[in-house]
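Sharing a structure here in structure tokens format.
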Amino acid sequence: MSANEDRLSATLLRPLGRSGVLWYAFVAFLGTIVAAGLFAWFFQMWRGFGVTGIRWPVYWGFLITDFVFWIGISHAGTLISAILRLVNAGWRRPVTRCAEVITAFALMIGGLFPIIHLGKPWLFFWLVPYPNQRLIWPNFRSPLVWDFFAISTYLTGSLLFLFLPMIPDFALVRDRSTGMTKKIYGLLALGWRGTTGQWHRLEVAMQIMAIAIIPVAVSVHTIVSFDFSMAPVPMWHSTIFGPYFVAGAIFSGIAGLIIAMAALRSVLKLHEYLQPIHFENLGKLLLTMSLLWGYFTFNERLTTWYGNGTSEILTFQVTQGGTFAPLFWTMVLVNFVLPIVILGIRRFRTITGCVIASIGVVIGMWLERYLIVVPSLAHKYLPYSWGTYSPRPTEILITVATFAAMILLYTLFAKFIPIISIWEMRAGEHHAEPVLAGTQEPHRLGETHA
Amino acid sequence: MDRRTFIKLTAITGTSATLASCGVPEHQLIRFVPDEELVPGIAEWKPSVCPLCASGCGLNVRVMMADVDITKDGQAGVVRMGVAKKLEGQESHPISQGGLCPRGQAAIQVTYHPDRLAQPIKRTGNRGAGTFEPISWDAAIAEVVGKLDALATAGNQKALAVVTGGRRRVLLDQFASKFGAGAPVTYELFSDDLLRRANQMSFGFAQLPTFDLSNANYVIGFGADFLGTWNAPVAHTAAYGRMRRGRPGVRGAFVQVEGRMSPTGASADEWVAANPGTEGVLALGIAHVILREKLRPADGGRPGALIDGWSAGLPAYAPQQVSTVTGVSAKRIERLAREFAERSPAVAIVGGVPLAHTNGLFTALAVNALNHLAGAVGQKGGVSFTPQLSRSTSPAGGSLVQLAAASPQVLILDETNPVFSAPKAWKVRETFQAVPFIVSFASFIDETSVLADLILPDHSFLEGWIDAAPESGSAQAVISVAGPAMKPLFQTRAAGDVILQVAGKLQKPVDLGAQTYDAYVKAALAPLGDDAWTAAQKQSGWWGELPKGVAVAPTPAEAKPAAARFVPPTFDGDAAQFPFHFLPYASAAFLDGSTAHLPWLQEMPDPITSAMWSSWVELNPKTAERLGIGLGDLVEVASSAGSLRAPAFINPGLAPDLIAMPVGQGHATYTRYASGRGVNPVELLAPVTHAETGTLAWAATRVKVTRAGEPDGKLVLFSARGELRENPREGETR
Amino acid sequence: MAHRWGMAVDLDRCTGCGACVTACHAENNIPTVGELQASRGRAMHWIRVERYFEGEFPEVSMKYRPVMCQQCDAAPCEPVCPTYASHHSEETGLNAQIYNRCIGTRYCANACPYNVRFFDFFNPVWDKPLHLQLNPDVSMREVGVMEKCTFCVQRITAATITAEAEKREVKDGEVKPACVQSCPSKALVFGDLADPESEVSRLAESPRGSKLLEDLGTAPKVTYLQGVEHA
Amino acid sequence: MRYSTVLVCIVASIAGAGCGWLDDRPAPVDGAAYTASGQLSNARLTTAHETFGGAVNEYFRVGSKPQQPIEFPHNTHVEKGLACTEYCHEAVTKGPQAGLPSVNTCLICHAAIATDKPRIQQITQMSEKGIDLNWQRVYGYGHSAHVRFNHAPHIRANVECATCHGDIAHQTVAQRNVDLNMGYCVNCHREKKAPNDCLTCHY
């Protein structure tokens, strides 16, 4: 075992050791916010949905915005890492796991919202098809039921996709620890011995998953977009929504990933593993998505404007130039102008630059979802029934809490599991040239372990 | 956490979680033996009469079995009894004709109102402080009798004053006169006495007219909101429906002349805005053209004789002059005249705002003359007068203003709230404050009854006998009568019974010909023959041909009538300082404010503004723009009499020189639903009265308007964005 | 025989008085939400009278339009509901709202182009003894469910049961929803569109007739009869 | 000890302020003692459950066992040849509810019959005091089931009382014999070719 590898595992396993007061303070802080959010939700169930700002006729607001937003963020990980695995980009190695973790957690959070926003959350299981004495199934025509299937599939898939490559590292930790810890990681390692056969199966499994997860990911956000485009609501009933949402999802996903990586890098001192090149590449990817997003937005808006359908154009006008204009133009600025300026000019495409751009994009994409949900509902066909919407403390609290929850879960994950795939890093160091997906590699890897 | 938060907190916890709990578990509740057995779950329909306005609609009341919490000799428990569930207009009744107005639909909430007085109460604190304590009926009645006897023994019967707005005027009048007091004072903010006076001069009937809209082909309305709040709206609306679409191939046309588009005006085919107080001139302008072009025989009859220059063809009212006065183009006047003359049967309706100007009488007489010229009087599709059963009543008593001079010792209040609806300058509150003893029959504590020493709450109209003598709305005579639709829920008593009881208990008993109110009503129906009473009880009243000699006969024409000529209306406040005419109007939900305590009406969107739970100030868009006022902005309206602040509503259907406000909100004390809500425009009214009748000219005040601040969220609109147009891009080009 | 209950609204008769609105509250146990909630858009009016101005002073006119659930044959609210709470009733042709199936996704209300669906944001509260007025034939909807105009299905059911008991069909005009019954100008007409002889069927064929937002293809069962001048 | 109380107070006040902040509905008004609402034991009616427990019970369809005011022996009355639908539940043929008899109904017969029995004497005394029998429902649905069952049509369709109420004829106090869940109704409607439209029962 080379000293180099030793140092590698040492740094990457460091977080698993004991942590300082600061860490506990941080966790406690986030925990409080999450608790407040949960309190807000239970309070909402207890007193009634009226404690939110939802009203006639704007029956969806912050909560659905959050739902779409988090499902969007979830597209960072799995999709990206899957693609990178398939094209076998060497620089992916330190990135993939941080990415896949985001997916898992973002999905868990996002998946909660359809339940949170129910008038009777305690009956959410009626969305599940199960035999009952009422002799009634869910309505399979409803996009919300499709949501249920899509999200649960995606969650299962992502968890597998996240778990599989963790097995060897669990084994590593197991081998290096004692007592209770050894038992737990031993359990998680599923009896990994690093035999050739196991390596082979792992590789194959990863290949299959990588291929399988992509269509699932694409379908999920398409179906989320269907929640809107299936209803005859001005500016919702649009053919472009599927790809528009998927693009937006990956866009915000990458932004989220960049922020997460930057945080890990500085907090866990992973400078030598998460190098500028990684941010550089992701930055380029973000730029591409920004352009794509801009293209979609432009398409959607321009056609509406030219189409000039009475109801649609009114929604269009309030978003572009009316009450929602400030939000709209902020969105355009941080989603399109800023990324192009920062990421388009090499000099600015530094880590800091990427992070700034990413933060902008995350905010911008949240606004985008808000601007899809609210203005349309507020301006349906009969002007007499037009409405307004402004959030109340409850939904703001819940929204804030979900961000806290995301950070908290991420922190805890990084605490207990190597956030960078150690064995893949090793594989990376073994050959400077990118690894070719194939069956020779595991043999050699196996040997190094044996 | 401060006290308020804590109270709020506990309270809300209550509403959300623990309110349904009755303290005692269901099976431990005491249940009393029911004294009526209805089939559970099956509705029974009983007749009744709507009490909320004078038009006296006949009702069908849906009665069903329910468990009712009651207290029986100190023991709380439940009993199964029939309770009213829904009010519906009675198909056969000539006034309601199966329909009802929104107020009539909500009338049922009077019976079940949480703040309705459940037993007699006696004032404990200072007058007006609103602190009362329960008192037994016997004690209460004894006290009233005592006060009256005191007057009698002192030979000071004149010191008894009665103020009434309502259905029991005849009874109270007979009581007062037989007791030796003056006639009751009647007060309504939107009084029609001026029109009654005009009709007496023109037609000999001092009553409101009835219009045969069903058969009319052309209708001109002069400011009367006859489909919404004026006279007999339900009867009018039913007839209006038939006028529009009731006759195959014939669709009656409808033109409305007014400065603010009322809900009625909104239904018109053509809406004409005339300058305030010039409607009469427009009417005579139309008459002028008809006479000039001999479109109809130049017969003005008795109404025409009252108009100056009628026989000469109204030279003073040529379209050109009329146009300059009214602001309506001469061409339009001529067209209207031709349509009015040619598309007969045609009828003109006047009421409301035009008669609330100082020259109201002239306007009324002018329109009456126009009707006569059009041959509408007493004709199919024209105007007529509902035959009235003559009941001996003394002429209307003096006005509230004169009440102070009489310095009454005992004051009886019945179905009236002048403290709320009379101009401040009349000092009604101060007058009442000075009266040693006030007794009221109010079911609710309002601005007037709060001043009472004794409140003897009346039954709700569903719990006792109710009668009304509709003054108009039907070609045949109508007397609405109905018995109780359900048993009384509380320890209330029918005011009629109480009055009769008091009358009987006096040292020198006053004989009103009956011991109970139903007997009294029965006696009143006696002239109609024996079957009238039985008929009245099956349906909600009696209607048909009056027997000979019992109907009110027309009064003979005055020998030398004073010729009426147009005098421009006078306004309080000079035009420079107060540039706008102020127009308070009866709101669709609250009339003069008497129904503001009913939650359904509070939450009913206003037909024009869609406002709920609010009061507001209406401005023309251009005026608002000039003053920099936007929707919901707080504006201050000031007159010589006072000033108030309310949110603004921009109303395209309002003349630029008018400021309009709905009456009804702004109650200081009127149950949990109306108290302290909005503002009361009556406070702005200057005490301008009609010379002829002494009634208030409520449209004769000028005001100024200024922007007073940002929207305060007090204007609650159902159409939340206040959108006025079906296509907001109206006129937009690209 | 299966019915297709429908309505006709004669805009030429409607005077916008609002009797239908209050009548609906009285019949259907619709809670009064109070000023604060009303200001937050929680007021419930299963039927509303929309008013629209046209032109500018003095050449200004206005039109009223009562809008209730249009009971669409192709209702956008139905396919989107995950639990069949919003569901097409074959028996009556009504667009049923099944409160006990409703879990409050509010998706139906978003999909409804007419904005006639209302949500119970809180458990309704009645200040006693106002509760004595509540109609025992109609559900009290609790917090978290969506509600809307039912064409007074309780009255339809009652009439159908009576007719069955008397071994006959329901007569035209026998069923009158609260709004139709209360309308003083008889602007609202209710009946069975499956019966070609019924008055509502006749009016549905009227040249003055049109459907609200017809081009959305929702196939409403409410016909609006335009006034000549308003056409 | 003191610290803990202080802590509790702080937490409580924070939670309280929080609730007030999240739900700013004004406190409900209560009427004066001499007004209609003042005369009632509780001032408001709401669809909210009395207690959290109550909500949970309805959620799991747990019904409490009713306690009847007297041990009414159905069996003896049926044996004596009294049909359910005469006198006691006569409304069943007319409308939605079967109806529960008041003491007046009992005394139609028991003014004369079996007046020596203690139970009869008990109800006679009750009727003299003007106190009625406060029967408890044996069957019934949770409020949120929104079921609108109408007896009369079922009687006309010759559905036996026993079909839904079990063999009450041989019981003393009525028991809940049949679990009337939705499946039960739907199946019967299927067999009898009765409408299974949602609106048939839920509106």
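Order of writing sets the labels: A, B, C and D. Residues in every chain begin at 1.
Here is the rule we go by: a residue touches a chain if its C-beta (ideal position, glycine included) is under 8 Å from a C-beta of that chain, and two chains touch if they have at least 3 such contacts.
All of these numbers come straight from a predicted model, not from anything done at the bench.
S.K.: When the contacting C-beta pairs are counted for B-D and for A-B, which pair yields the higher total?
M.R.: B-D
S.K.: Mind checking the centre-to-centre distance between chain A and chain C? Centres are C-alpha means, answer in whole Å.
M.R.: Each chain reduced to its C-alpha mean, chain A and chain C end up 43 Å apart.
S.K.: Measuring from the mean C-alpha position of chain A to the mean C-alpha position of chain B, what distance in angstrom results?
M.R.: Chain A and chain B have C-alpha centres separated by 65 Å.
S.K.: Can you check how far apart chain C and chain D are, centre to centre, with Cα atoms defining each centre and the answer in Å?
M.R.: Measuring from centre to centre gives 31 Å for this pair.
S.K.: Can you list every residue of chain D that touches 2 or more other chains, as numbers and ranges?
M.R.: In chain D, the residues touching two or more other chains are 19, 23-26, 28-29, 36-37, 40, 42-48, 96.
S.K.: Send over the residues of chain B in touch with two or more other chains.
M.R.: In chain B, the residues touching two or more other chains are 12, 15-17, 19, 41, 69, 112-114, 489, 610, 672, 719-720, 725-726.
S.K.: Provide the list of chain A residues touching at least two other chains, using ranges where the numbers run on.
M.R.: Correct list: 47-48, 50, 383-385, 387-388.
S.K.: Treating touching as the only link between chains, describe the layout with one word: line, ring, star, complete or other.
M.R.: complete
S.K.: What residues on chain D touch chain C, complex-wise?
M.R.: Answer in residue numbers: 24-26, 28-29, 36-37, 40, 42-48, 96, 143-148, 150, 152-153, 156, 195, 197-200, 202-203.
S.K.: Chain B touches which residues of chain D in the complex?
M.R.: 12-13, 16-17, 19-20, 23-29, 31-52, 66-67, 69, 91, 94-97, 99, 102-104, 126-127, 130-134, 136
S.K.: For the complex, give me every residue of chain C touching chain A.
M.R.: Within the complex, chain C contacts chain A at residues 37, 40-43, 48, 50-52, 67, 76, 79-84, 101-107, 109-111, 113-115, 118-123, 143-146, 213, 216, 218.
S.K.: Mind pulling up the chain C residues that touch chain D in the complex?
M.R.: 36-37, 84, 87, 89-92, 94, 96, 98-101, 122-129, 131, 134, 137-143, 150, 153-154, 157, 161, 164-165
S.K.: Provide the residue numbers of chain A that touch chain C in the complex, in ascending order.
M.R.: Residues in contact with chain C: 47-50, 53-60, 114, 117-120, 123-124, 126-127, 136, 138-139, 141-145, 148, 227, 230-233, 377, 380-385, 387-388.
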